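Dumping the structure here so I can ask a few things about it.
Naming follows writing order (A, B, C and D), and every chain is counted from residue 1.
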Amino acid sequence: MKLLDKWLERGSRKVAQNTSRRHLLTNLSKVMIGVAAVPLLPVARASEATGGYPGVGAQTSGLDGDPGDPTSCDYWRYCAIDGFLCSCCGGTASSCPPGTEMSPITWIGTCRNPADGKDYIISYNDCCGKTSCGRCLCNRNENDKPVYRPQSNNDINWCLGTSSNVYTCSTGVVLGVAVDG
Amino acid sequence: MKLLDKWLERGSRKVAQNTSRRHLLTNLSKVMIGVAAVPLLPVARASEATGGYPGVGAQTSGLDGDPGDPTSCDYWRYCAIDGFLCSCCGGTASSCPPGTEMSPITWIGTCRNPADGKDYIISYNDCCGKTSCGRCLCNRNENDKPVYRPQSNNDINWCLGTSSNVYTCSTGVVLGVAVDG
Amino acid sequence: MRLFSIKALAITTLTLVVGLAQAELQPEPIPSVATLPAVYPDTWLFAHDVNFNSMIAGKVAIIDVAADTQEFKGFVDASMMASFVESKEKPLLYVAESFYARGTSGERTDVISIYDKSTLRKVTEVVLPKKNRAQMVTNKYMLNLVDNDKYLLILGFTPASSVMIMDTETNEIINEISIAGCNLIYPAGETGFASLCGNGGMKAVDFDDEGKEISRVDFEPFFSVDDDPLFDKPVYIGDTAFFLSYKSLVQPIDMSTSVPVIKSTWSLVSEAEAKANWRPGGWQFAAADETGHLYVVMHKDGYNGSHKFGGSEIWVYDTKTQQRVNRIKLKTNAFSIEVTRSDTPLLVVNTIEMGLDIYTTDGEFKRFINVGDAAMPIVLHAGK
Amino acid sequence: MRLFSIKALAITTLTLVVGLAQAELQPEPIPSVATLPAVYPDTWLFAHDVNFNSMIAGKVAIIDVAADTQEFKGFVDASMMASFVESKEKPLLYVAESFYARGTSGERTDVISIYDKSTLRKVTEVVLPKKNRAQMVTNKYMLNLVDNDKYLLILGFTPASSVMIMDTETNEIINEISIAGCNLIYPAGETGFASLCGNGGMKAVDFDDEGKEISRVDFEPFFSVDDDPLFDKPVYIGDTAFFLSYKSLVQPIDMSTSVPVIKSTWSLVSEAEAKANWRPGGWQFAAADETGHLYVVMHKDGYNGSHKFGGSEIWVYDTKTQQRVNRIKLKTNAFSIEVTRSDTPLLVVNTIEMGLDIYTTDGEFKRFINVGDAAMPIVLHAGK
């Protein structure tokens, strides 16, 4: 039952930030839970209208069991992301744009995949060494903790251990299924 | 009569770029000449609505015979300016913001002062050495010539002869009355 | 016919203009560069534009939030998740920032850039030899002046966390103190500081004239990072740092000595408000005025992850009585807030649209100030 | 009651989700960095974001304007009024740019940054020793490859104007040629170039294998800079550069040899259109397709100073017959345009709102592409 509550909570969060054109389920959640007044993302100006980002083509990861659009802030892997989505910048949800360097040090989130209902460990590796991508700025903070627990915080520039620490964009890489589900 | 035509032309130009809340005369010109379809400044997004810039307080130069608002793109001195108005950036129409350096090399325009009907030589000195100001981006091109006549062109970074060539904002300094009026 | 009427009307207009003619404008001096007073008026505020879209080109803008004209006084650059602090004792501004030889690549140089308040020219810069300045979305606790501005404390993060101590007389880095497992710099006592820790505890360190550590206290965990973490951005009222939790707890900590004292908690919300999930949130989502009132950006229907999105209201508390004394409904949702230290304090709201809405502390809207067309001024420092 | 119904509905939904369950997703490799083909498809285009709000942080984005997914392929940095050119012969991109040791101050370094097309990593950089790279709002005639990309021509401006010649085999600057009184680089002949001059004339220079000037021709003035200047941004169709004037004149110049030939002018507009002041204007306001059609952004009611504001229509001309063959009314006014060299050419419009509207060359709107939330992609280079 706890899990169920969590799942609902997750659903409502998505609605708060993104009025998705593709996720009927989250729209159902909206009606059900009645979340309406939650403030919009400060940085999501461009995505307020549609949930996706205007002028950015929708994508799929191409993987079975990986639903949703990696260029949309409400894509399931992005539950604790903060930054420009590399999928919109020449990379993908799990790879960096050409010419950047993926940070080996990172922060970790746990996101539920709606396709199999399982919680996955997601590694939010930053891509580094070029200027800010400037497309698809997205901020979600599920289980995000303050900077005194850095491994669970998305405000830190995780371009650490790279030849340049200049931040370009963020990925959400699947590490595996969370053991404590 | 030629002057009169020029004056009218100037009036219509102002309307094209700035729907002024303060210049009744230019609004009259608009009605008279029927200019309506002239495209808006690409960079004037912020000023489209009001003519001034939202969130920027109006100013006066404090000089007798110097009418208008130096934070408005339609201020008479700015007839050939291109860039951020230093008046909005901690400087004035004729001085640079603190910590920047005024370029000694510059381009020259001739603008008519509506207070005395005289044409003045205006020196568009750039202010240099800090990042772009980012307020009151304004572009007007009266008598602007292509870059092969650089002294009459506003596309060139005139931060030349300064310790840093990074462009911050633009001024419009009165040099005197144009002899050929 | 149409042309004729245009010209006729124009002649009339031109005559009118000539009728208003003045003495000719005189030539103006070149070059001319504005300056500021060495002591800033108390309605001036520092708005730090982190410029996410071009992080190597951030700035700290100086703004008179009480002004309806010439409100933008100038700015200093602040590159790559910089941090900023104003000196109260000296006419100086400090920016901790990072540069690359080729903009975004090449050799890295970390510096403290020191500016003269009056000219906004760089007086000097201090290079941080280990290039380990913390780069985070900036807040007020990454760069701090203590002991009457004698020491500048600079956060390091590699991800090993540390505090560098710069002597502001000599502009030398005199020591670096590890705060492993903890983060940020909360001034405590004369020369001490505290940091919150990943286990829900706290560390407090004191240092001597040479920057050498003379005491260190590790507090046992006193809050649950998993269940209801304290935000890392407290508000100081006098010597007390008010930490708030995701779920509306207030945790005052007495910072008057180098060994802080953890005080009793209270709640921002009633039982009914808690049920409606009214919670604090945003970026710099809380501030205080000189009377001891605490201002908190609140949102309804909070949930796991809603803590950085700002809110539609600001709730005001008397921290002595622990009672809410006002509830301000905003024109536009707040992301960050600050209150000036002026006689008539002003409530400055960086909205989720990234511009400044200025209110009285009673919630009366006064004016909107644009910090820059692409600016993201998410950290606001009231003038000291 | 309400809570109950929520959960009941949720259970149904959850069951549905579980019913769709798949095999678990597998761990993905770290690090992983995308690459591009060494030869780009012909629908790819380079959109140069000059980033006025943060000029030290510009970029050149690579965009597939025919794509409805993954249209943004990557980018290279381009600092401080940079200029850009793609090599056709080698898998390289060239950026002329400037850096300061401290972002906006300190020592200046001017470089040609050379990128590998496939990895978008910097292969090398060539320092310009005199730090005299021209900084202007960028256009296509500040950095050019000639002689099958054997020489890179780099505009200098201090304000003394010059052309630096870099040998792309050795990456050495082999000479610098003064073009005093003139500006920009219009390739002419195999190794020559022409520049327009402030007196309404033209200069043409040819150089040898070592970059040494072997001929120079100064053309007498052939247009009036005061009355109706030629724009400084011509469009090449084959070996002919089509210069347009503020007032709609077309001035073709044959650039097939190092001594260009000035051809007869014609007009973009009829007498009635001239009376209505239909004029060309914008930034990169003209382009051409492979069939020899010339596309020009036009605005009505033009006046002294309207020449950089863009326009609501694109007029298409057959340059052989000198007749207009189409008139495209745009959704949003154009500021800059380009036409791809693909089999099915696409008309790319950077609108005055600073995003890309993609049309067929017949004017059918296809899609909108955002180059960046704060981007100003005012120069567009079709892939070669």
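Methods note: a residue touches a chain if its C-beta (ideal position, glycine included) is under 8 Å from a C-beta of that chain, and two chains touch if they have at least 3 such contacts.
Since this is a predicted model, take the numbers as computed values, not measurements.
Traced through touching neighbours, the fewest hops from subunit B to subunit D number 1.
Most remote from subunit C, judged by the distance between CA-atom centroids, is D.
Put simply, the C-alpha centre of subunit A and that of subunit D have 34 angstrom between them. Measuring from the averaged C-alpha position of subunit C to that of subunit D gives a distance of 40 Å.
Between the CA-based centres of subunit A and subunit B the separation comes to 44 Å, rounded to the whole angstrom. Touching two or more other chains at once are residues 45, 130-132, 134, 137 of subunit B. Counting only residues that touch two or more partner chains, subunit D has 53-57, 77, 103-105, 122, 372-374. Those residues of subunit A that touch subunit D in the complex are listed here as 4, 7-8, 25, 28-29, 32-33, 45-46, 53-59, 63-66, 88-92, 94-102, 104, 113-118, 120, 123, 125, 127, 130-135, 137, 173-177. Considering their complex, residues 51, 53-57, 77, 79, 97, 99, 101-105, 109, 111, 113, 122, 125, 372-374 of subunit C touch subunit D. Residues of subunit C that touch subunit B in their complex: 5-7, 9-11, 13-14, 17-18, 20-28, 30-36, 49, 57, 59, 62, 67-77, 115, 118-122, 355-356, 367-375.
In the complex of the two chains, the subunit C residues touching subunit A come out as 52-56, 80-81, 98, 100, 103-106, 108, 134-137, 157-159, 161, 182-184, 195-198, 225, 229-232, 281, 283, 299-312, 333, 335, 352-354, 376, 378. Those residues of subunit B whose C-beta lies close enough to touch subunit D in the complex are 6, 9-10, 12-13, 16-17, 35-43, 45, 79-80, 82, 105, 129-132, 134, 137, 139-150, 155-157, 159-160, 163-167.
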